[in-house]
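Right after this note come the structures.
In what comes next, subunit A is part of two complexes: it sits with subunit B in the first one and with subunit C in the second one.
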Partner chain A sequence: MTWVNVVVQGLLLGGLYALFATGLSLMFGVMRLVNLAHGDLSIVAAFVALAIVDAVPVNPLWTLLVVVPLLFGVGYLLQRGLLNFTLRGNDPLPPVLVTFGLSIILQNLLLEVFSADSQGLDAGRIENASIRVSDRLAVGWFPLLTLVTAVGVLVGLQLLLSRTRLGRSFRATSDDPEAAALVGLDHRHVFAMATAIALATVAVAGLFLGVRTTFTPSVGPTRLIFAFEAVIIGGLGSIWGTLAGGLVLGVAQTLGAQLSPGWGVLAGNLVFLAVLAFRPTGLLGREVPA
Partner chain B sequence: MNAVALRVQRATLPSRIGLGVGLAAVVVLALGPLWALDSVLRTLISVFTLLALAQMWNLLAGYAGLVSIGQQAYVGLGAYGLLLFADTLGLPLLASVLAAAVAGTLIAVPTALLAFRLRGGYFAIGTWVIAEVYRLVVTNVSQLGGGSGLTLRAASTVDRTTRLYLTYELALVVGVGAVVVTYLLLRRRLGLALTAIRDSEQSARSLGVPVFRTKFAVYLVAAFGCSLAGAVIYLNLLRVQPEAAFSVNWTAFMIFIVVIGGVGTIEGPIIGTIVFFALQETLSGYGAWYLVLLGAVAVLVTVVARRGLWGLVADRTGWSLFPVQRRLEEHW
Partner chain C sequence: MLLEVDRVASFYGDFQALFEVSLQVAEGETVAVIGANGAGKSTLLRTVVGLQDRATGTVSFDGRPLDGIPTHRRLGLGIAMVPEGRRIFPSLTVEENLKVGAVRDRPGRWDVASVLALFPALADRRDRPGTLLSGGEQQMLAIGRALMANPRLLLLDEVSLGLAPLVVRRIYETLPEITAAGATVVLVEQDIGQALAGADRVYCLLEGRVALQGRAADLTREQITEAYFGLRASG
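Let's turn to the complex of A and B:
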């Protein structure tokens, strides 16, 4: 029963990882851009929520109404004003350098503004409430809400991609940017919308992270790494792969931590390396990482 | 019609002057223990080893298109290799430094085979994850001191001044060596192959350039260089902790130095290292703002002046201190 519990907790944790991985996967899918500041932007969202809660006494979950539109806007401007300029030509260097530089800037700005102290968002009773399934198995309401939100965001993204005009322009630009431009799509706007939506999901992820656990200005890179591992484990170019990747990573980490407290993250990393070695397309992916 | 004799030429007047000035500088620096305070020598050890790290990152990213954010793996492996060979196996310090670099290179073989499955930005994060794996493995091995690390005990077998001078000369050799080796490598076939791959991987492959083998070779050279620099850095610092030795900041510094100085040039990392240390000395009082500024400069340089400070100089003057390319010159 202990092991069942460990796996269930892993799946719930995986929901959070899937939420983090969604934005990374979307940006890569549409414009082959890997945003190394992905994790740090989620921490920025968490700190903005913290600042709001400090000023106005509301449940941090309400701050989603502000933080999500805010990061949507930041995403649009960031892509339009900076990142688009790094995508000219086929050179992998500029996007990596600019987003890595951005990551360093954000971490240190947060450090100056909020100090290195550990912070947390207090969502009240829901944080500790749980459904008791049996003596040794309890499902926390908040982790469950996280997993449901992750599935909801992924379903929403799937619908957006398959049913809407914007989704069609994402797919068209992803398949062939030149042909998309010929039929009148402005890739600068399409890319900016993709980053805006990606950062909106990052805002949700950052907030849920902040409620679930404590955070400091320097934990962004760890979030980036977990999101990346979930994407690769699940497979590139597959929305449900992203969910599967998050869940596998979550279970690997809780199982590893059960064996020895220091092995949690390492077990997740090893699963990632094993997938890279033996199944480079990921569990549900269609393409080799390129 | 005048007969025109064409000659393939590499060296230019600026490169000859540069070589002279460079040699003189190396001689003066090599005599450092005669004229410099111990504190200056310690700073110079950081300067030389960071120059070596930056030059290796430049070779990877600027020439082979391998944008790694995981070179801290080799700094850490070099540091722990030094501990292992010197303290556990009892090898002399100098031999331990070399053995640590060889060990790091051997570990780079499987690392490259895995990381090369990823490209571009995903290669960058992939190398980072692998560096994290090495950090976590070391942290979980209690014989290596776990999270709190170990101190190099073998250091006490050599007296303090001798060890400082030895480390200093070693750092100078590593720093200058990184520049010279990069230069010599790029003058060979490997340099031509890398240029071809940089311009178009597909056409290079169709012309018979062994793309995988070329990149693999560069990755191993960079792993050797970074492990060697890591071992020398910790021969100076003595206290090794996994958090610090495997910190991504090592790679962040390499990136700043190379980007600001000029990526894809041999002169760039040299200029970048000087600028980096000048900034560090003047701005260290500003704490995190200093890193915000470094990050902003790196972003700005990447977007506005792709080829960094040396690129600006070279565009104005046409100078090349390390002539890698061949020029045709006319002789009447």
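Let's turn to the complex of A and C:
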């Protein structure tokens, strides 16, 4: 029963990782851009929520109504005003350097404004309430909400990609930017919309992280690594792979931590390495043309 | 003039692909641009849609210079191109490839239903990925995708390339219906017979220059062969 509990808690933790991985997966899928500031942007979202809660006493979950549109807008402007310029030509280095620099700038800005103190978002009773399944197994309401939200976001994204005009324009531009221009698509706008939606999901992820645990201005890169691992484990370019990758990473970490408290992150990294070594396309990834 | 290309030069790095090329197309005409491999035919079309960033001279559409207007906006004006190699979007189904062609929402005769009626071979494959079609069907899909924008000017680049003669004929048979719906057509061809049969007027490019132009009916085989290969008839 302990092990069942560990796996269940791992799946719930995996929901958070999947939420983090969504935006990274979308941006890479649409424009082959690895956003190294991904984790830091989620922490920015958490701090913005914190600032709102400090000013107006509301449950932090309500701040989603502000933080999600805010990061959507930031994403659009960031892509249109900066990142698009790093994608000229086929050189993979400029986006990596620019987003790495952005990551450092964001961390230092947060440090300047909010200090290095550990912060947390208090969502009230939902944080500790749980559903008692049996003597040994309880499912926390908040982790469950996180997992459900992650699935909801991923289903929504899948529907957006497969059913809408915007989704078609994402796929067409990702396939062939020049042919996309010939059908009237402006890749600068399409890419900016992709980053806007990616950062909207990052806002949700950052907020849920802030409620689940404490955060400081410097924890972004760790979030990036977990998100990156989830994307790779699941398989690049696959929405369901992103969910699967998050869940596998979550379970690996809780199983590792159950064996020995220090082995949680290590176990996740080992699973990530094993996938890279034995199944580089990821669990659900399609073959990526070289 | 619907399309006026005035002394256009175009470059790939140090290589100059077009030299002072001028061309006029009136509304309702079908004009063929022929020439051997590397004569600059595709470069000319790419310049008209704005995909050649290193070009000089002026391209005007409906009397309006297109300088500085990016490719995706030129489609909004009514200039659509079927690119060489078809460039079907592999992640999109046949129907989605058509729908994505309508992003600029220009009103007109063509929509998914009428394009599928024009190319019935596509109709029962509409839910398949576009790249799983045969070469001929992909070419039909590429033309259909361009028609979805209801273009005033349709540029066709090497429609017959790599296709069986029968398939080429079937594709060319749809041209009258396309022009009847209001599109002026500029087609680039290596196949001289096909070009002369389908076009009102012909331009022949040789090494980046216009070597011959005239009404398709007035040109003789000898004139064309000479311009096409750069041979002197007396030689």
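Assume the second predicted complex is superposed on the first by the 287 of 290 C-alpha atoms of A that agree within 3 Å, B and C clash if a C-alpha of one lies under 4 Å from a C-alpha of the other, contacts with A are read in each partner's own complex, and residues count from 1 in each chain.
In this section, a contact is a pair of C-beta atoms (placed from the backbone, for glycine too) under 8 Å apart; a residue touches a chain by one contact, two chains touch by 3 or more.
These numbers come from a predicted model, not from an experiment.
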item: Partner chain(s) touched by A:G262 [first = subunit B, second = subunit C, both, neither]; value: first
item: Partner chain in contact with A:D175 - subunit B first, subunit C second, else both or neither; value: second
item: Touch count on subunit A, higher of subunit B and subunit C; value: B
item: Which superposed partner A:G120 touches (first subunit B, second subunit C, both, neither); value: neither
item: Touching partner for A:V183 - first (subunit B), second (subunit C), both, neither; value: second
item: Touching partner for A:N108 - first (subunit B), second (subunit C), both, neither; value: first
item: Footprint overlap on subunit A, where subunit B in one structure and subunit C in the other make contact; value: none
item: Complex contacts: residues of subunit B adjacent to subunit A; value: 61-62, 65, 67, 69, 114, 117-126, 128-130, 132-133, 136-137, 139-140, 248, 252, 255, 259, 263, 287-289, 291-292, 294-296, 298-299, 302-303, 306
item: Residues of subunit C defined as touching subunit A within the complex; value: 49, 51, 70-73, 75-76, 80-81, 83, 87, 89-92, 96, 99-101, 103-104, 145-146, 148-149
item: Subunit A residues touching subunit C - in the complex, by the definition given at the top; value: 165, 168-169, 171-172, 174-176, 178-186
item: For the subunit A and subunit B complex, residues of the former touching the latter; value: 28, 32-34, 36, 82, 85-86, 91-105, 107-109, 111-112, 221, 224-225, 228-229, 232, 260, 262-263, 265-266, 269-270, 272-273, 276-277, 280, 288-290
